[in-house]
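After this come two complexes, each holding chain A, first together with chain B and then together with chain C.
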Partner chain A sequence: MTIDLQGLVQPDRVHKRVYTDPAIFELEMDRVFGQVWIYIGHESQVPKPGDYFTTRLGREPVMMVRHADGQVHVMFNRCPHKGAKLVPDGSGSAGKFLRCLYHGWTFKCDGSLLSVPLRSGYECTALDLKDPQYGVRKVARVATHRGFVFASLSADGPKLKEFLGGVATSLDNFCDRAPEGEVEVAGGVQRVIQRNNWKIFFENLHDTIHAVATHESSWRAAKEEHEAMPASTPKPFEVVIVDGNGEPLEFWEKLELKGYDHGHGFMEGIFVPPTDPVSLAYVASLEAAKGAKRAEEILRVNRHNTIVYPSCSPHTSFQQIRVIRPLSVDRTLVEIFSFRLKGAPEATFQRTLKYTNIVNSPSSNVMPDDLEAYNRVQEGLGSNGGDWVSMHRAAGRDQPLPGGRGSNGNSEMPSRNMFAAWAGYMGVDTGVKTNEHAGSAK
Partner chain B sequence: MNGASDMLALVVDVVTPLTPAIKAFVLRSANGEPLPPFAPGAHLGVQVVQANGRTGQRAYSLARPHDGSGRCEIAVLCEPQGAGGSAWMHALQPGASLAAHAPRNDFALHAGSAPPLLLAGGIGITPLLCMARSLAAEDRPFEFVYATRSEEATAYLNEVRALGGTVVHDGGDPARGLDLRALLAAPTPGRHLHVCGPRGMVQAVVETARALGWPDDHVHFELFAGAIEQAGDAAFEVHTLRSGKTLAVPPGQSLLDVLIAAGLDPLYDCRQGDCGVCVVDVVEGVPDHRDHNLSPREKADGKTLCTCVSRAKTPHLVLDI
Partner chain C sequence: MNFRDWNEQQDLTQFLHHEARLLDEHRWDEWQRLFTPDGLYWVPLVHGQTDHLNHASLFCEDALLRSMRARRLEQARAYSQQPPTRTVHVLGNIALESRDDVGCTVRSTFLLLEWRKTEQRTFGGSVLHTLRRAGDGWRIRTKRVDLLNCDAPHEALQVFM
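Moving on to the complex of A and B:
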């Protein structure tokens, strides 16, 4: 079946089918998730040889495994014998080798075949155990940036650093904030299956003006809670991170949004660096390790959500990464990983967990507001009440930047930027000259 | 190294019963020449005759340091259920002749910069007694602990006590044995641990040392062949090419277990010759295949072997591990 995508993406609006058509979703799996660099996980999730972590790369079940020599491999989670997934979903240690639970074929942790039972049965058959096809298949490319592991199903394409472009600095700052310059995943993972297309979640990450409306119940409750406290009570951290959503639209207007090639971008920090004891102790630990000048440089890079399109969203100042895995056209798995800054006080990590629990957890007072909105969008788009989704706000006012574009905080530039990249990957003519795209243009 | 060139012709000089099951043998060179020099921890590869009439080789540690003479001392535990080598030894009378490979040392003494710790279990006393005697002769300090089943079963009891050693009897109950954690304590630089005894004890000591943070190069051990021999199974020697170890595989103990006990960390899974995970490359010697994994052609080639079940048809195997 040929799918006509032409005309579905215009510079300031997109057709609802990009969110609702299962055939387009399948094409995305080939043309976007089957091509680009996808965030797999962090090296600290497989600290020792034999450790594994499973995830999805587009449609593909894959596993990240650390080999005896310390190298991290990303391979298809599939036994070459009968096709069974070699390791169970999740994470753990396979020991010195991977053993399929079905017939006991064994593989070294770099995927090469170690041994098969009844080797004598394969004598004089067409199956040659030395043939690499009887090892676990590796994905086409794997690369890391500061311990963050990315993989691509395509042998061709830009190198990771080039792909990350302007958001590589977010991953750098994520690590630089650690007194030891390294981070590690800690505290488990929160998983949410959202009833919406994956792109709706990405657009919301830089959608500033939804906050005051969507999150009114939680930010207003937080404000009232603080007002009920004795007059000079400093605003507790828990209130700061919730009532920020109630900032008036002019507050967001002044923020800066950056959009980069390949759909990436980040939002300037919305939280003023706090001066409470936990924050001050953390700053002191960073200054002790790096010196006051360098610490100040690091902390000056204050960003809210970063978008690494189309697979993850790091939050550099609260040490969290949300990983986005499309499951079907209207189902999206979001996994929330918290990170520990190596060398920082334990209270800093507790604050990271607090941010995850209070703002981004599905059982918080904030995230369910978003989930409700996403689901309403998905269901509304499925109706015959209209065909188009607007991205007009502040269209035509973007400021060119090296490798991308900038805008004020209330612009829908990020959505336009992501769709420009999407159109490039999908082969959709947007009617705009190629060099005006923020997406795949070169 | 193992050809006829290093064979020594020896004569039994003195036989001394040490316990009901252990005899000490003083051997002397048949031609009266001094023995080749050896250091504490060395063993003699004595040729014995087994109950089935075949010759075999037994490794017996030397219990007394080399004194420049043509004499040396070994001690032999008689294992009535074995293949007959130790019983043959026990039947030897003064004046009897025997042949042995020149002494080899896989268990050298590391005196280090701190007093070494010497740990013996049962007949594993011989190399450690040799080390203790050598250190005492040089007036160097050491710690010496010797565990046996009972006082009656203790060879060299007075010698060990005279050297300042502590003797512990566990009555056959390991729970009453040594408090290894207290004994080993935290590692200190230059303090080397030496242990020889039954497999379970050596394993427990090595594991405890690792758990306490001892670096592997400060832990030295040797197993003695205390296992029950299976009828027809002969001991053999294995040399590991890449890791440079020469190990004795006694009857009743698998090659895999010997590799594990020697700290080689080999890959294995099923332990019954099915999975093929433990297969290694054979460089020299003829494997005695007992697995269900390798193909008939691979078995005939003899270039690979399953360490978990297979043994050797030749006295010596060289493996590419």
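Moving on to the complex of A and C:
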């Protein structure tokens, strides 16, 4: 079946079918998720040899496994004998070897075949046990950046560093914020199911002007909470991270948005670095480790959501990574991983968890209205009430940057930037040969 | 541990039934007043979770966060409450776990049906109420809800369980 994609992406609007057509979703799995670097997990999730962590790479079930020599491999979670998933979904330790539950074929943790039962039965058959195809199949490419593991199903394409471009600095800052310069996943994984296309969530990550409208229930509740406290009570952290959504449009206008090739980008931080005892103790621990000057440089990089398109969104100042896994054209799984800054006081990590409990958890006091909005968009786009989705706001006003483009905080540049990359991957001619506003995805 | 007598069993059973009814009738203010000032409402994220400070949760709410949630649910523009979430709790297996000078701990099991918009969800599990005696009645120091499927991916969980 051929699907005509031409004309679906224009520089400032996209056709609704990109969000609703199951055939386009399948093509995305091949042409986007089957090609680009996808975030798999962090090395700290498999601390010891034999440890595994499973996830999805596009539509493929894969596992990240640490081998005896310390190297981390990403392989298909599939036994080459009969096809059974070798390890159960989730994370744990496989022991010294990966042993299939079905017939006991056993593999080293780098995937190579170690032993099969009844070896003599394969003599003089077409099955050559020395043939690498009887080891566990590896994904085409694996690379890490500061402990963050990415994989690609395609042998071709840019190297990870080149792919990440300008958002590599967000991953760097994520780690630099640790007094020991390293982070580790800790404290469990929250998982949220969204009833919407995955791209709707990505666009929302840098959609600054939805906050004051969509989150009115949250910011009003937080403001009322603060108003009910005795006069001159400092705003508690719990209130700050919720009522910030009620900032007027002029506030967001002043924030910087950056978009980079391949659809990535980041948004300037919306929270002023706090001065409460927990924050001050953390800053002191960073200064003690790195010196005041370097600590100041690190903390000056104040960012809200970063987009690593199309698989994750790190939040550098509260140490979260949200991992986005498309399940179907109208269903998306978001997994929220919290990170401990090695060498920081325990209370810093407890604040990271407080942030995720209040903002990212399924029981978030902010997100339900987002999920409602995404779902109403998904349902509305399924109607015949119109064909196009607008991305016109501040079109034509982007400022070129090396490897990307910048805009003010209320621009829909991030959506245009992501769709420029998407169109490039999908082979859609946007009808624009050179247009800085449409991006320059390679 | 056994209930001391029929009166004690009735007293605690009625308290739990009353608490569940306040939730099902969206009487958030009355429900919040059941807690001690330092009371904790906690729904762990994983089975056997022992720590609510160093591990993420599904809900981990003190008085401030319970109040903020209740206020949000009542806002005219809480779009995700159009229509509102409806629930019914069914309690069972109410048992006394321990008793001391200041109060007691009661374990119960529950089924919770939740309806909103398009789908009825079913939750179930056990609840551990750590109660403090307050005059003739009780106050909740901790309500810990262990969901059978705490470790599943969830859609939004908006109302108290």
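The rule is short, and it goes like this: the second predicted complex is superposed on the first by the 433 of 442 C-alpha atoms of A that agree within 3 Å, B and C clash if a C-alpha of one lies under 4 Å from a C-alpha of the other, contacts with A are read in each partner's own complex, and residues count from 1 in each chain.
By definition in this document, a contact is a pair of C-beta atoms (placed from the backbone, for glycine too) under 8 Å apart; a residue touches a chain by one contact, two chains touch by 3 or more.
Since the structure is predicted, the reported quantities are computational estimates derived from the model, not experimental observations.
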More chain A residues in contact - chain B or chain C: C
Contacts of A:104 with chain B and chain C, given as first, second, both or neither: first
Contacts of A:408 with chain B and chain C, given as first, second, both or neither: neither
Which of chain B and chain C A:35 touches, first, second, both or neither: neither
Partner chain in contact with A:357 - chain B first, chain C second, else both or neither: second
First, second, both or neither for A:242, with chain B first and chain C second: second
Which of chain B and chain C A:96 touches, first, second, both or neither: first
First, second, both or neither for A:114, with chain B first and chain C second: first
Intersection of chain A interface sets (partners chain B, chain C): none
Residues of chain A touching chain B in the complex: 96-97, 99, 104, 106, 114-120, 122-123
Touch list for chain B against partner chain A, complex: 267, 269-270, 274-277, 279, 292-298
Touch list for chain C against partner chain A, complex: 43, 45-46, 49, 53-60, 64-65, 67-69, 71-72, 75, 77-82, 152-158
Chain C-touching residues of chain A, taken from the complex the two chains share: 186-195, 214, 216-218, 220-222, 224-225, 228, 236, 238-239, 242, 333, 336, 338, 346, 349-350, 353-354, 356-358, 361-365, 367-369, 371-373
